[in-house]
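Structure below; questions to follow.
Letters A, B, C and D name the chains as they come in the text, with residue numbers starting at 1 for each one.
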Amino acid sequence: MSDIKEITEALIKFRNERDWEQFHNPKDLALALNIEAGELLENYLWKSHDKANIEEVKEELADVLAYAFLLAEKYGFDIKEILLEKIKKNGKKYPVDKAKGTAKKYTEL
Amino acid sequence: MSDIKEITEALIKFRNERDWEQFHNPKDLALALNIEAGELLENYLWKSHDKANIEEVKEELADVLAYAFLLAEKYGFDIKEILLEKIKKNGKKYPVDKAKGTAKKYTEL
Amino acid sequence: MSDIKEITEALIKFRNERDWEQFHNPKDLALALNIEAGELLENYLWKSHDKANIEEVKEELADVLAYAFLLAEKYGFDIKEILLEKIKKNGKKYPVDKAKGTAKKYTEL
Amino acid sequence: MSDIKEITEALIKFRNERDWEQFHNPKDLALALNIEAGELLENYLWKSHDKANIEEVKEELADVLAYAFLLAEKYGFDIKEILLEKIKKNGKKYPVDKAKGTAKKYTEL
């Protein structure tokens, strides 16, 4: 079984044991993901990037990923597929010869 | 090779071809993840969860996942491991007998 | 003295008494605002809009406003002026005859 | 009329002319605020705080403030009152003698 499938099954088992599917509509999953993303960000507030507490980053990042995986599962998205497709698409928005070494948005290249 | 490793390698290859590692410190990766989480959320604004544009959700979710994978890679986190650990930890915060069928936060159970 | 000036002065006094200006650069203020916006959002997670705890909404909204006022002060923006200008600008993006009764984004009108 | 009342009335007038009150429930207003906070944050991505485009910061901050004011109005909160109350409350969480010169969270003081 793939890693992603194994993680997703563990998340779904956890959710179903608690009868939480009733709350997990896509809109609220997207809210939950945003809330966790904010908690992740809090680890970097008022400090430089190397001063974050790595254990807390790990936990908050796991929360973000959990909701991202649950949202993907809700729509039946294949995570590997949608990521590889997005990378391909971004390759057109950010061609190497224009994007190399610059952090500009594609609209400004 | 695992799915997660394959995705991560594709993301790193994309980043390195553009010489973007210089911008990808953990703090800015966490910012990027938050910005993409906001764009994902926009698909649900002013509407019920079943009215979102699924193609756009797919793209924004892929962006969120991309930054989450890059941040994990930056710290050397094993995504499967940190997720399975978090699920275990959440199992203690949300024991089935108390958490079943309720959306309350663990601090209120 | 205007309400906004009075609030801003109270925020600056609070900050200066604690010698916090050194941390309050615009980037971190924008991070702080995002983190508080996430905490505000948490009050609506897994529930309909009328089930939020109003006292907690009040506190989180105050936090969001505090960082928004501090960021405006940092740049010397006049809050009334920038809001009235934005309303005027949005009036062109969303003309009444096209936008009335629809939640569509201006790019789709 | 106070500045805050004048801004709020302009926002409500704009909303009502477009018949948008039907969309503006507190949950979606909190979503909108988060989305705009993310757009504000984007101005600081991959760069130091002094490299942001000030005109764009101004516009995104105005959007954040607009939704914050609309949410306050929805609950009948007096913005000056809730901010002055929050500052008082934070004064107890962050007493000057403990908080001076440190960016630690109150839970760590």
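Rule of thumb we're sticking to: contacts are C-beta pairs under 8 Å (C-beta built on N, C-alpha and C of every residue); 3 or more make two chains touch, one makes a residue touch a chain.
Everything numeric here is computed off the predicted structure, so don't read it as measured data.
The interface of B-D is repeated, with over half of its contact pairs matching by residue number, by A-C among C-D, A-C or A-D.
Contact tally for B-C versus A-B: the pair with more C-beta pairs in contact is A-B.
Computed from the mean C-alpha positions, the centre of chain B lies at a distance of 26 Å from the centre of chain C. Chain A and chain B have centres, each the mean of its CA atoms, that are 2 Å apart. Counting partner chains per residue, chain C has residues 23, 28, 31, 34, 37-38, 41, 44-46, 103 touching two or more of them.
Only residues 2-4, 6-7, 10-11, 14, 17-20, 22-23, 25-28, 30-31, 33-34, 37-38, 40-41, 43-44, 48-50, 52, 54, 57-59, 61-66, 68-69, 71-72, 75, 77, 79-80, 82-87, 89-91, 94, 96, 99-101, 103 of chain D touch chain C when the two sit together in their complex.
In the complex of the two chains, the chain C residues touching chain A come out as 23, 28, 31-32, 34-35, 37-39, 41-42, 44-46.
Interface of chain C with chain B (complex): residues 31, 34, 45-47, 103.
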